[in-house]
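Order as written gives the chain letters A, B and C; numbering starts at 1 within each chain.
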Amino acid sequence: MGAAKTNPGRFFEDYRLGEMIRHAVPRTVSGGERALYHALYPARHALYSSDEFARASGLPAAPIDDLAAFHVVFGKTVPDISLNAVANLGYAEGRWHLPVYPGDTLRSESEVIGLKQNSNGKSGVVYVRTRGLNQRDDVVMDYVRWVMVRKNDLDAPAPETVIPELQKVIPAEDLVIPEGLDFTRYDFDLAGEAHRWGDYAVGETIDHVDGVTIEEAEHMLATRLWQNTAKVHFDATFRPDGQRLIYGGHVISLARALSFNGLANAQMIVGLNGGAHANPCYAGLTVKAWSEVLDKAETAAPGVGAIRLRLVATSGGEAFTLKGEDGRYLPHVLLDLDYWALMPM
Amino acid sequence: MGAAKTNPGRFFEDYRLGEMIRHAVPRTVSGGERALYHALYPARHALYSSDEFARASGLPAAPIDDLAAFHVVFGKTVPDISLNAVANLGYAEGRWHLPVYPGDTLRSESEVIGLKQNSNGKSGVVYVRTRGLNQRDDVVMDYVRWVMVRKNDLDAPAPETVIPELQKVIPAEDLVIPEGLDFTRYDFDLAGEAHRWGDYAVGETIDHVDGVTIEEAEHMLATRLWQNTAKVHFDATFRPDGQRLIYGGHVISLARALSFNGLANAQMIVGLNGGAHANPCYAGLTVKAWSEVLDKAETAAPGVGAIRLRLVATSGGEAFTLKGEDGRYLPHVLLDLDYWALMPM
Amino acid sequence: MGAAKTNPGRFFEDYRLGEMIRHAVPRTVSGGERALYHALYPARHALYSSDEFARASGLPAAPIDDLAAFHVVFGKTVPDISLNAVANLGYAEGRWHLPVYPGDTLRSESEVIGLKQNSNGKSGVVYVRTRGLNQRDDVVMDYVRWVMVRKNDLDAPAPETVIPELQKVIPAEDLVIPEGLDFTRYDFDLAGEAHRWGDYAVGETIDHVDGVTIEEAEHMLATRLWQNTAKVHFDATFRPDGQRLIYGGHVISLARALSFNGLANAQMIVGLNGGAHANPCYAGLTVKAWSEVLDKAETAAPGVGAIRLRLVATSGGEAFTLKGEDGRYLPHVLLDLDYWALMPM
């Protein structure tokens, strides 16, 4: 009887192409989220640390970290999209449209843009385009994500297969540069490194050197803060091995923060081209990161260049190793992320 | 010599009937406390997560969680009431009078309303009515609590026994509904569940399904945030077994947050009828929760119903089991709380 | 190739006498930092907990804890001063010039005021005077610190030896009393203890009684929040023993917070005369603290006295024991700090 009141999550057969899902629990962010983000990750990008630095860059104040905005938007989708997900398969076409500031209230909605039942008839792939909206109903970010979801009723008919066409990489000209952003008076001393956009070469790799050994309390604090409800992150009795699986977004934020050392001036994340959680992450692992410059582009904003980066998080192993001869990710690779950031030229 | 400067706490013989104790260390709360509350507990009730949702419900902004307000008020009483307490025996007549908003400053005061020396002459029961007040001296909440306190001077005479008459349950008509609260335009999508007041039946039970495995760092962060100074929560060398006992309020907040799944619309806590910390809680336990609907009542506020709930936190065992044949709480029961909440009708 | 982009830190031969180093990553503090400080440490000094208490003391609002301000200022210096430090040798002449309030943005700069190569030719001592500045370029605090730093190029010539003359103790008349501070209407009930400036005698010792067992997650959250990047605090694979060394400032804040019990009215820290991190601190240790009154002085501010305190943090052992017969710190002593605080007279 009580079970009827709790959320069983959605199963593959519960999704309809074109359906729009309004996700629950809007969230007002404040200086508290900003402080916690800096306590949870070794985040040092100056634009997100200092109101003064942000103002000198043409913004009204330091925004909440772009990945914090992503986590808030993403967390709301979990009860509707991934509660019964077997696997998080990919991301694409992620764009940040507006910085999020303390006082803003975020909510999320997702449109089902693709469905494909697996040949075993037991599960299927659901593609959604998720939008994060603020209190003025402006889109602050959107991204496509696809997950494999179990069927509950194996007799439910397979839907027509629709696989959306997705851009492998967002063209630089489609990136949204925050209004007013201006890096012509950029203070490299205060930012922490002298390397500007012109100092990075496509193909260049950077070992970020620093490492963080993860504690259970930390990833749970973070994952709760984003109101992500997946049992597997919190309940040590949920998996047979007694381990809590760390939210993939925690690894993304950790790796991005570590990348400060060598990419201190890759200030704003404006595009998410794709990403794979290559191997699961658990407490006790020591996470390190390396990056590769994949592309560069100019932008229309004064002094602002775009840089496309591969960000790889590892739990050991040699920097710059990624896949084995079989084409599979090596066991120590946790994350392979492809994103666009903005840098002073 | 130094010992004379530190607080030895009060002993049973130090309390006088009718005495009013002004507790130390007022506290201004901010968005920081709100963010931390959401990092420490899987809290998702929309009214406390979103300023916009709160405004649509007739409040000026999202208040600090009602239990956070309780913890702040409670924490201040510890040095004066429970530093030498042997046991926390009960709560009654807890009422929330005013929502607490970022920027408010809380302080606490307690009136001794009952005293009863135990027959062994070594301890006694102290009953206090504690009030939390804001910077305008408005009462934001009050509750009765009774604790067993050791005597220091065993020769001190026993006081006259006075046991206050306490309501077993606060009558629904005595609950204070926040001014302006209006659930007639309640957005069930954003709140996370479709079940309204009318959908719950007295006697209905709800298994909240989710679980959280507790870490030492988490309960200590929480307990410190409420400025609760009881040594037993922080010092692993204090107890012979080397375990830190978790503050009972941490279990209350954890269970309440877990109850979102099935009671997402039980938005505001307005009454605390009673509560028992049935068994001690330690780090490493996985806490789950279930609820039982004990009563329902209408209120004068538009669209607002009251629901009386039993909230049970467990560290395992079958949902809906509570006491053994001997009438005692089963070993896996951590908390048995009886409270009134407000729900959209 | 990538290594060229990351910060190798400075080596002894990289410092020049008189050189001014502008440290990176300014930081805006908010109510989030205040809340986190109270979650991380058992901080209860009323002036930092309550805007109302601060206003009644003549300040516009509750400042961020003085030690939090110190940690923010200090953290910024780590990448430039102590990344290759072998040892943190001492502090002197630390003065707080202005309270830091939510909304303030802090940055740091350090002047090299002394250099002395060690006789082994492999390292040297660097003396810096560090200033923390706010968004109006006002100095909020300054202090001298000296560290032993490795040489990278052993053939680099030794600089001329310059050892700055440093005050052993800041004269009371040089302490900066915050403008408007007035303790004549001080509420001792709300502050938590009745002992005023006149109640403390030079030579008096106070055992602060309470203890906190440290968790890895806690010291890492704190150290990250101050944007301190030293690998040794975060990466369990960095040291051969697999232990993470706890940031000395974490121990300072923990001990200071514990000293509330007996020194609740030692409200504001205005001077840091010196300090030694006597032994390393690791997670799992239970930290306790004791204090000794070293001196007392009157101030020009109404009702405000200055008290000079030795604050000792330990991981066990008898209170009030400090050094062995050989003059060395006993193994259980973690910290020996000498500071000035302001107290109601």
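Basically, a residue touches a chain if its C-beta (ideal position, glycine included) is under 8 Å from a C-beta of that chain, and two chains touch if they have at least 3 such contacts.
Not measured: the values here are computed from a predicted model.
Between chain A and chain C, the superposing rotation on Cα atoms measures out at 120°, rounded to the nearest 5. Where chain A touches chain B, under half of the residue numbers in use are shared by the two copies, so each contributes mostly different positions.
Separating the centre of chain A from that of chain B, both taken as means of CA atoms, is a distance of 36 Å.
Touching two or more other chains at once are residues 30-33, 35-36, 102, 215-217, 221 of chain C.
Chain A contributes residues 30-36, 38-44, 46, 49-53, 62, 102, 189-193, 195, 199, 204-213, 215-218, 221, 261-264, 286, 290-291, 319-320 to its touches with chain C in the complex. On chain B, the positions that touch chain C within their shared complex are 1-3, 5-7, 22, 24-33, 35-36, 79, 102-103, 105, 107, 135, 215-217, 220-222, 224-225, 227, 229, 231, 234-238, 244.
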